[in-house]
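To keep things simple, chains are lettered A, B, C, D, E and F as they appear, and every chain counts its residues starting from 1.
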């Protein structure tokens, strides 16, 4: 049962990634692309944790934590670049 | 003296918990290390957080957290419904201004964060003097109701917690 | 016990999958950038939340080890998601929204992107 | 061998040692300088005199000093008759020239330099004639080219001097290089580079397949040096040198080096058709051509130069004939030519010196004004013309004798006629020299009032002319033995019959000689009309051709070089890529591939989706790269997919590293992009883009195929050892980390040094930029685009306050667990950097940095030093660098935890990474501030609590 | 195991951060420390050379891990002599940089310099393929820093090109290393040598690609055609002492080819089957031609010198590409020679160019101060570079020609070397003539008014400023004078390289090494050469 | 999976090569970044692929591990590439500030020698 649910979840997030790719390709606004990238990050975090459950290991946990952290930082940096030019002024 | 060692006692506590969460194993050694780090890290970062926020009403904070959690769940379902089943043409997106009574930076941040996390609203920016939040609603039949709910449901509680 | 555990875990997984998908789907379906901003910041948050809860439950109920560091990711996402949305919104506003397109602040000072902060003694 | 052998190297080295003297002595005055310059020459001459008797008895004196035995090069010297003759000439003339130059050079000329060059040249020349090793000979040979270059260009302010020097160097240098080839082949055939060995193997050498190439290469060397046609043209232009140089190099010594070499190699190389036709013909042509040109030269020195060319041709022809008699005649004529030609040059120099002109058309009648000079010059010129009682006559007769018997390609007439023609022309120009300079009426339009020079100046030519006459009258007495011993050395066997006397009776040679004298006089009488004819006749000007050639070569080289190295790095890179792919392909096709024995892993759909994201994002980066910011966003997707891929493929450490490095890199690119143009213009034409596309696909395909090839094949790596020993030997369960800090800690040590250097170099560049002109440009540049007004939004600042400590905890956590779980110093360093970056984005770099207590330089320094000292700590235990030590410490209450040197090492890594990233950010931020950005004093744009008056202030 | 083997790496590696951080505001102290370090390095290098002279291969197991699992440093004659060369060159260049004040024209010169030395020494000493990559990167990144030292538009542009080119090269290096590991499962050079011998040609595609790509990588550093393009602009625009130091950088590439393609992928190995030599030799000839044409066609002195470096690399690589011990000996001799010759010319060029208002343009201009001295030094340097006697270039050239007597090399090799020499000679003569001779004529025509404003640099060079140039030229004289003993050492060194069994045994311990047919290349066809 | 990895390397290499051949510094930097990704994956893959076998030693039981060595090498390579990229970015920025554009090719006009030496001597 868990396996089936996992596969379902994998499928959802995988499809989500494809949709995000569509958005990041099309834009049209810079904000859309950044948004799409951020969503990709979120989906990836989910996928990483799903992968950990799939294999029953916590060894990939740090990766998802780090992805969360750097995903935030880089999204903010992208935005700051558009907003202010210099990201750390 | 104690203030110098524990510039942010609450933060120290949180960090100790974070440490235990990180190592994912509660042992005496980890606890000692966590407490040590809980003291050291705030010390090294105290300069970046010069004015110490105070929680006046921890109980109220817990209540607030529960309220927000519930709202998030509801929000997610609502937004999911809108996304999945509502025709784009029927969407009534709008901007609203939420005037603020809060003055604490922390409180304002929490409020703005709450707005974003809950039903169909995103806090887009603050007024230059921090006295209002510009909120974007995905679908609001009655913008004033949304504003009122924000003020009564969240800002009121936050004012009690922080100020 | 195992069945119920599995059921609960599977439930969270399915729910999270649905919300995760909806978040991304909204990105495609909604027509305006500001509308699209709503989709992932909300739906994905619960999506990941669901996965994390499923993971905690999985390790607790199936592997038998109490794992609570998933909470940290949740904490992190709850802290960051609003900021991210805030910034992306501003990024959009910067290029597409003029001051007249949004309601006034109702205060002496305008919105922070268009107006300087009250005092100018902050610069040297 | 004999006691004299130790003298030979001393003789060889003396001129070089002596070359130091002029520089020292010049302060003592010009005469002292000249006198002391003469000392080494004199000493060498005396030593040569000591050795002479033995050589005259037929002994060969040898000496050998080991130098480079692996190559077969040794400082071997030998002195036989030929060597003695030449050495005597070189040293003797050297003395005379030293004397002559003392008076010839003016006070403004740097005399010390002159004598230094002269002695260096003398040493080189001497080396050639006494070398017993052809490699050594080559060394001296090239040295004569170099020193003559210096001597010809002595008057460096004169363009003729510079050009003449360069031309001489180019021609003789080229010849020298050819000769290197020839000599090496020769040594190769003979199995030795020792001359005495080679001389024994004439038959083997002539029979070798490599004989002809060797011969031709060596002849090119000899002909260029001895100004043989068609390389003769450099010699007249070398006359731009001061006359002492001309007299020494271009009549007596250097130009004879080629002739010497022909003589030296005569036993080995001569006697074949190739030798005869190449050498004799070249000599003959040169003789006639040189004489013809000499006749129409108005410049005294040019006339003499071409006469020298002619006489060198004569010598070459004689040696080329291949008969023993002719070879001996050549030796005899070498001596004669030396005496009269040097005297003539010196006389010409005196005329030039006194009248301030060398133009024959402006001279005449000097016999009355400068009788001594005239007497000397006329005696020498008569000898050159081959008039009886002067030594030139004797050798010319013998030459004609030899020529008369020569059959050239079946023709009995060709050589005798041409030889007679040469002699005839020689008479003509010699008499022209006499009559047009010294005879005739005294003119009143000399550029300066001529009179005889002081004794010191005419002593040397007079001395030489004395020999001209003495040999001319009593040849057997004065040079008989020398000719015999030298001639014997040349032919390397029995001397042929010859006799050195004035009268041989009426023979073919005498008739030819009479024809020559008579014809020469007729030609002189007709000189005026002939000259007019010559002047209008089209004739190739060697200098123009040579200069044209060199200029063309230089021009072509320039165009070639600048066309090739046109500064277009994109082209360089394209070539690099193409070459790598092509060479890789060539290597690939040369070997087979083992059968694929590794099963492929399945591809889950999610992985395939990840691949699609990666591929599409890459394609988008390429297609959208001109919108730089968008491209950067897409790079983010690629980096993320790669990290996830690493997770999926069991490389959590790599995933952590990749994602954090990726983020910091994007930050740096964003920071830089702030200053750079935001768009890339479309510049490459379609064809170029197509080329790049083809290259890209080829490279991608090649690398992909290579990876696919090995992924399908199993192998047995050394890393089983690492897995097996990681815990026992390295004290950690994360094998990757144990490899990084222990097994291969040295790599990591190097890696952090790379980071440290990057930090330093970036900092240094920033400082430089802010100091130079760039700084002004930076100040004036306007980077204020259409910006949002909120620099440090409240929400961001507040969120960061909470997140920074948490992120730091994460950093500490990742650092501490690295040895056993994914993580470690490097990733921790980056995580902490990213945490600080967050802080900087929130409140600005300057504000945050003001609250920073540790300097970034210090961090890098400490990091590198800690890592280094940790590694070196092992020395204390007598173990090699980086030998790890660890133990488990038990603290009460706390469970046991491992503490090892690897921990310290990792700490060094951590500090360096943090320091380097921060220093880089600092540098970029400095530039931004320089470009006019302001610094905030408070952490956020506006703290609304101020509005309420609750809290006083934000900043400190 | 002697700990001194690692000293040439650790000494500068510890010194550099100290200079960068402790002495970062005190140039005098930094100079003193840097100079002391360089002196100590020379002493250590001499000691190592003596140590290596016993003929044994000395191995240093880093971290006390046995090869091939850990990283090893290996000291044999080849590495010892190159470390010594580096040390001496460093001392000379450092003196120049300090005497002329170059080290104050930007920050961190001495630290970068020491790191650069560390990288170079490490590359010479390491016995591990990936560690070689790491040291390449160290020496490269330090060289990037040094290259842009002092700044300026053209220098930065040239520096950017240099960095880009080498980064592309580093990428290829990684791909080559990946292929190497994928094919053999090891990184240790000795272990590689063993493994490569076991690979039959039928399964050799991967290892062949690795060998070839590695050659391309090293060829970038050695500035071989068709990837020599980066060198002229880089050397011509680098700060003079840095250009002089770079004289050894190209040699690192050459060293790597000698070490790896002679010892591991030698001509007798079945898998690679003389593959590299086939391509290396013509490439070297073309390189030589490009360098020679560049010298002849140069409009400016610095590019001219840079192209002369290209030409010298071509000359040397011809010998390397022959892949015989004697040719390698010749190449090594020439390597040492050309390093000092190039350094001398670059240092001298700095003295001259900084005093010429026209910079390094080869246009007539009034003579600078000390024209005679500079002319003499240039003459000597040019003689060395062009390979004229009595300096070492001539002997080096002779040895290379001698080593290329094999008919398969002779026609192309000799033509290239001899014709190339001619072009270089003519080019250098033209340049020297304009710079030092023609200038004496120009000075006469310059009205005195122009002299009224002397350039600040137009002061005479102090003895200390001239000394490094003289020392470098002096080294070429010494090389010539002591050619015999030096060649003995080098010859033993190259035999050591070609006799990989000793190296393998020293690194991996005694073991069965697959036999490789090893004809004695010299004995049969080399009657001239006597065994030293 | 092998095909995925190999083709990813190929795609990244192709994209990197194309960008590296552009005429402006910025795309060249991006190209080098892509190439560096490609090289890193390539190096990593040289240890062959294995799923769910990270080289972190398990306390219990027989476990299979993937080859840790290429991972360590790749990690080192990533770090080095990072240092290189950072410096490259800075040099490109410096060149841009000095030259006024970020063209990467040097034209004849840039090569005006005199200016360099003077700068250098300044």
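One rule holds in what follows: a contact is a pair of C-beta atoms (placed from the backbone, for glycine too) under 8 Å apart; a residue touches a chain by one contact, two chains touch by 3 or more.
By chain, UniProt protein names: A = Multisubunit potassium/proton antiporter PhaF subunit; B = Multisubunit potassium/proton antiporter PhaE subunit; C = Multicomponent K+:H+ antiporter subunit G; E = Multisubunit potassium/proton antiporter PhaD subunit; F = Multisubunit potassium/proton antiporter PhaC subunit.
Remember, predicted model here, so these are calculated numbers, not experimental data.
Of all chains in the assembly, those touching subunit A and also subunit E are D, F.
Greatest Cα centroid separation from subunit D: this falls to B. When every chain is reduced to the mean of its CA atoms, the largest separation from subunit F belongs to B.
Comparing chain pairs C-D and B-C, the larger number of C-beta contacts belongs to B-C. Of all chains displayed, E has the C-alpha centre closest to the centre of the whole protein C-alpha set. Centre to centre, using the average C-alpha position, subunit D and subunit F are separated by 36 Å. For the pair subunit A and subunit C, the distance between C-alpha centroids works out to 11 Å. Averaged Cα coordinates give subunit C a centre that lies 58 Å from the centre of subunit E. In this assembly, the C-alpha centroid of subunit B lies 40 Å from the C-alpha centroid of subunit F. Looking at subunit B, one finds that residues 18, 22-24, 112-113, 125-126, 128-129, 131 touch two or more other chains. For subunit C, residues that reach two or more other chains under the stated contact definition are 18, 25, 37, 45, 67, 69, 72, 75-76, 79-80, 82-83, 86-87, 89-90, 94, 112-118. Among the residues of subunit D, those in touch with two or more other chains are 562, 567, 569, 573, 577, 632, 648, 652, 673, 703, 706-707, 710, 715, 717-719, 722, 743-744, 747, 751, 754, 757-758, 761, 765, 768-769, 772, 774, 788-790, 793, 795-796, 799, 802, 806, 810, 821-822, 924, 936, 941-942, 947. On the side of subunit D, the complex with subunit A involves touching residues 604-606, 609-610, 612-613, 616-617, 620, 629-630, 632-634, 636-637, 640, 643-644, 647-648, 652, 655-656, 659-660, 662-663, 666-667, 670-671, 673-674, 783-785, 787-788, 790-792, 796, 807, 810, 814, 821-823, 827, 831, 834, 837-838, 840-841, 844-846, 921, 924-925, 928, 933, 936.
By the touch criterion given at the top, residues 1-2, 4-6, 8-13, 15-17, 19-20, 22-23, 29-32, 34-36, 38-39, 42-43, 45-46, 49-50, 52-53, 56, 58, 61, 64-65, 68-69, 72, 75-76, 78-80, 82-83 of subunit A touch subunit C in their complex. On subunit C, the positions that touch subunit A within their shared complex are 3, 6-7, 9-11, 13-14, 16-18, 20-21, 23-25, 27-28, 33, 36-37, 40, 44-45, 47-48, 51-52, 54-55, 58-59, 62-63, 67, 69-70, 72-73, 76-77, 80, 83-84, 87-92, 94-96, 113.
Contact residues of subunit D toward subunit C in the complex are 786, 788-790, 793, 795-796, 799, 802-803, 806, 934-938, 941-942, 946-947. Looking at the complex, you find that subunit F touches subunit E at residues 16, 20, 25, 28, 32, 35-36, 38-40, 42-43, 45-48, 69-70, 73, 76-77, 80-81, 83-84, 87-88, 91-92, 94-95, 98-99, 104, 106, 110-122.
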